[in-house]
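To keep things simple, chains are lettered A, B, C and D as they appear, and every chain counts its residues starting from 1.
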Amino acid sequence: MVRVGIVGGTGYTGAELLRILACHPEASLAVITSRTDAGMPVAEMFPHLRGRVDLTFSPPDTPALSECDLVFFATPNGTAMEAVPGLLTRGVRVIDLAADFRLKDPDLWQTWYGLPHACPELLEEAVYGLPELHREAIRAARLVANPGCYPTAVTLGFKPLLAEGVIDPGWLIADVKSGVSGAGRKATTGLLMAEVGESFKAYSVMGHRHAPEIEQNLSTYAEAPLRLTFVPHLLPMIRGIEATLYARLQRRDVELDELYRRHYANEPFVDPMPGGSHPDTRSVRGANLCRLTAVSPRNSDVVIVQSVIDNLVKGAAGQAVQNMNLMFGLEERLGLDALALLP
Amino acid sequence: MVRVGIVGGTGYTGAELLRILACHPEASLAVITSRTDAGMPVAEMFPHLRGRVDLTFSPPDTPALSECDLVFFATPNGTAMEAVPGLLTRGVRVIDLAADFRLKDPDLWQTWYGLPHACPELLEEAVYGLPELHREAIRAARLVANPGCYPTAVTLGFKPLLAEGVIDPGWLIADVKSGVSGAGRKATTGLLMAEVGESFKAYSVMGHRHAPEIEQNLSTYAEAPLRLTFVPHLLPMIRGIEATLYARLQRRDVELDELYRRHYANEPFVDPMPGGSHPDTRSVRGANLCRLTAVSPRNSDVVIVQSVIDNLVKGAAGQAVQNMNLMFGLEERLGLDALALLP
Amino acid sequence: MVRVGIVGGTGYTGAELLRILACHPEASLAVITSRTDAGMPVAEMFPHLRGRVDLTFSPPDTPALSECDLVFFATPNGTAMEAVPGLLTRGVRVIDLAADFRLKDPDLWQTWYGLPHACPELLEEAVYGLPELHREAIRAARLVANPGCYPTAVTLGFKPLLAEGVIDPGWLIADVKSGVSGAGRKATTGLLMAEVGESFKAYSVMGHRHAPEIEQNLSTYAEAPLRLTFVPHLLPMIRGIEATLYARLQRRDVELDELYRRHYANEPFVDPMPGGSHPDTRSVRGANLCRLTAVSPRNSDVVIVQSVIDNLVKGAAGQAVQNMNLMFGLEERLGLDALALLP
Amino acid sequence: MVRVGIVGGTGYTGAELLRILACHPEASLAVITSRTDAGMPVAEMFPHLRGRVDLTFSPPDTPALSECDLVFFATPNGTAMEAVPGLLTRGVRVIDLAADFRLKDPDLWQTWYGLPHACPELLEEAVYGLPELHREAIRAARLVANPGCYPTAVTLGFKPLLAEGVIDPGWLIADVKSGVSGAGRKATTGLLMAEVGESFKAYSVMGHRHAPEIEQNLSTYAEAPLRLTFVPHLLPMIRGIEATLYARLQRRDVELDELYRRHYANEPFVDPMPGGSHPDTRSVRGANLCRLTAVSPRNSDVVIVQSVIDNLVKGAAGQAVQNMNLMFGLEERLGLDALALLP
């Protein structure tokens, strides 16, 4: 039984971790902290957990964290990096669901996140927690950087094409769309239902923090410098990411369906669908799963990839639990076998 | 291991049964039929079941049904009553999720459902499958009539008040609201997203089939003739029922919170919340659970009950599996412990 | 040409006033204020007004307000009452869209709004701006209290029945539902799309500020003390209110359709629909209109009224412009003839 | 006063034409036909038109059409081409909102629409009704082919870049997203709210009928063969199209804001927004307007265009009325000055 703590449990990522861990047969939830809501029963804030999660939010400085085998950080960017070194020293392993340990280059991190990194010496050690790329390293890791939601969908989508030299790395386009839960549970006018309901728009067209993370992931597989155009959009719905990816074919001797099936043949949480499919986000709602498909329309030298995940599950909390399973020698699927909720 | 068949698996109730049964440790899904889609793989119609449900729809006359321990009917009203007698004769137990066996009076059934009942002799034997009312009878039943969605929410809401004579049975009002999945998966103009999205209305104000079902349930507990006004409404969302119930207090010596806690103390799937709560439908989305609360505003002789369920789970497929567990001597919660999906 | 000012133009009510007034042929928008956003062009905050409204938000103390013929207050409750006396003294007429002048009794106001009234001497003079009740008084008024959204829908629904003694005033139930724009444009966690989308709940079950307002309206028409149970609910959509009203018939010699048609025969903005109709909120979206209908199901002594409005139009800004038209001798429909936007 | 008829008025395009024409000061609606609903009052099908449109649907063969100055076809593809020659012969001018006259090449039409064209001799004469491209020809036209919704958004977005040789015509990508009203008012399982609500997906990835229409529009402005990748997506909302367009810059000496402002300087219904803007669909909901903006992120050779319209207004009925105004010498904005409905 893994003894687990959560730091910062009042956002959607924290709530989703609670939902998954409450049903996990080999995890025991020992402590959850909140700076603002310490003292409040968790089930009062999240009524869906009534009767199933009996914890009360603790203050962030609770010594109970040090007694955990594993601590998840579900905090805003810039918080985990202050506390992680201390926990590691005390032998606690860590999965950070924020961005603090995702980029290897501290200068790049500072450029995109606006403050100096507090423990750059840990960046090299931190393992990027996308099991489809780094499964073995995750098993042994003390510190896992759980990937961003967009990077999960985009990286899994482009990787087989780049790894086999099928596409030109110099002209990649990722047109991605996310439900509003991806923006978190902050009181912000721009996220009110009366603002984002029944409407659609792009945002951060001039640059988004997830672009360098994707570039870092994919550069490993590219034979030439990677050039990515990444445009996120906000969907009038709660959960789900769809990424439509465009690239130029530089080899035409490839059967795309076969390529994706082969690449993901042993992956429990990636479902390559046949060409001509149109994966929809609801088919992965609540499930730890990426469904994807790639096609090249007739007479075209463009390949189009569609990739869908639930941003809170395979894009955050589910992937974090998948990483926990790997780190503690558990069956990778444990606690993650829920089917998507459809309709 | 219970060997299970499903008749009519292409609607939302059938899909939800599949979702729940696919994760149930003591049920094995043997056959699923569809008149219109025989031959199609289930996972082609319902992409969320890809990789988890390998069945193909069989024609309705498949002999495989007779080899099941239990057959669920997820068919339109009037279908099950044609096939159930034959199955019972062959020793197959049946849970009907449609309305065929819900009303005890065949004339009343004909009035509301527009055709003569095909096997009125079974109406007396059929057990109304609301475990909170008829748990022991369900355990022994050959034939269970799974309750309607509205009747589940309304019956559980009013029952404690009527059973203890707290309210006047002659003036009950149920203002109920349902997500669109309650109307089924029929190609109908009136259920298009462009028709029902971003809008709200009442329907069937002059009379709805669920009213006599609720009256039948509650009359048992009423000391005087029951008079119920029942108005359903259509919500611009997919899953969830909320019932706001109004009645006149005829006793003032009752502590409402205590009454509900006591009545549902041993119920695994009813959660009485403290007075002043506002249960929301998302807190039960995907979960087999009814959350409810009752209050009487200051200086008022009116009691207001709020009751929420997921219409496809506690209002249909989840309740059916709860009944299956009871009928086959399994732990009542088996396969039904998923937490609600929130947000 | 009426010279118009708006105080507090950054909420939805203010934005809707701008939308309507920008197309009004006899109103000229002179000034709009905002405490927090003074200096920002209006069209920057509200992109739908780009190219049509060239104003910039002024600070609240701008002398330009005194030069207006009419000032609308679209401010939080408790703001208008501080500034209105000064404007009236300078000959400016006022329509307050908040609650400051709706209740005649200053003690009742303080009970529900939590602070002492700043100018109780104006409460008697203020005219309650529901034209269907007080058209002539509105024409002559210096100060109009624009009704609340729920009170508009409920008052218009119950009034014909009470005025003719058809129902028992001692047992009125109003089960009302509102889109989220009714809660305003405040940065609040509870109004995020990820919180209120795809969910439904009641709120303020123990008491809501609009109840005393409705009671004040209806008491005039009741032969006996009025007892109203009022339960508001939050709909997962943006615009629209539906009120389902229940009352006990005390006369059975009334033809309900005829009664409503007669009562509202000369009303340009009330549409009585035939019994058996189910008015939906989208049929009034964006329109200054209340559609309603009343029926009594067979063998029942209950009458059920359905009443729908757009909370921002007939429930706020549209009604305010209707009042402006009356106050300045303009045709009552001027600027208010837009059809509902459907789908 | 233009005497107007509508053929096929029971879809969303027909309903939107009715909404706009009912408020148009120089159009008088003489007749509206429906094959399936002849005899039904229009306001019974479309409750938002109650009290404002008194017509009853006529059968399609009504002679009243021949007495009109102008007939709009709001019919499925393939219907108008059967009836248009007869009407033209009788001196009636025609605007077809379907696709029958959009493509100049009858073979290409047959390839995409699956049947031979009934009057290929009219294809050359028909004027493609995008006023921003063909204003003068529209004024004189007997027969106008009203553009598709996607082609309107995409053509207006790419045209300035192509016309000035700024981008490489050989690598254009259009990632477009539409609300469900774009799919029409057909009873189809795939458009039920329970299917498309709270979900998102691409469709027609292998090819969509609007691609050849866009290519026909843009080829005029391209110096080299045009190669367009066009992927449509279905949004969980009712109205609105957003197109995100990607192209490779071949000239870097261009100030994009200036380019768009200059190109659309005299266009009443195109609003070029400053670079860095993120136009949202709600800012044009119900309005006859295309808002767009183009940027090139730092150090990138890609230009990103965002273009939004209401698919039923600038993408269909509003554009048709704009064409009518041009054809009959009316002020182009007449009847089209409604502001967007926001929120």
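Keep this in mind: a contact is a pair of C-beta atoms (placed from the backbone, for glycine too) under 8 Å apart; a residue touches a chain by one contact, two chains touch by 3 or more.
Molecules present, by chain and UniProt name: A, B, C, D = N-acetyl-gamma-glutamyl-phosphate reductase.
All values derive from a computational prediction rather than experimental measurement.
Between the chain pairs C-D and A-D, more C-beta pairs are in contact across A-D. Each chain's centre was taken as the mean of its CA atoms, and the one lying most distant from chain A is C. When the CA atoms of chain B are superposed on chain D, the rotation angle comes to 180 degrees, reported as a multiple of 5. Averaging C-alpha coordinates per chain places the centre of chain B 45 Å away from that of chain D. Between chain A and chain D, the centres computed from C-alpha atoms are 39 Å apart.
Here the CA centre of chain C is 37 Å from the CA centre of chain D. For chain D, residues that reach two or more other chains under the stated contact definition are 12, 179, 181, 194-195, 197-198, 236-239, 279-280, 282, 285, 343. Those residues of chain A whose C-beta lies close enough to touch chain B in the complex are 12, 15, 19, 22-23, 46-52, 181, 197-198, 238-239, 271, 273, 279-280, 282-287, 291, 337-343. Those residues of chain A whose C-beta lies close enough to touch chain D in the complex are 171, 173, 175, 177, 179, 194-195, 197-203, 205-207, 227, 229, 231, 233, 235-240, 242, 244, 246, 248, 276, 278-282, 285, 295, 297-298, 300, 302, 304, 306, 308, 343.
Listed in rising order, the residues of chain C touching chain A in the complex are 12, 179-181, 185-189, 191-198, 236-238.
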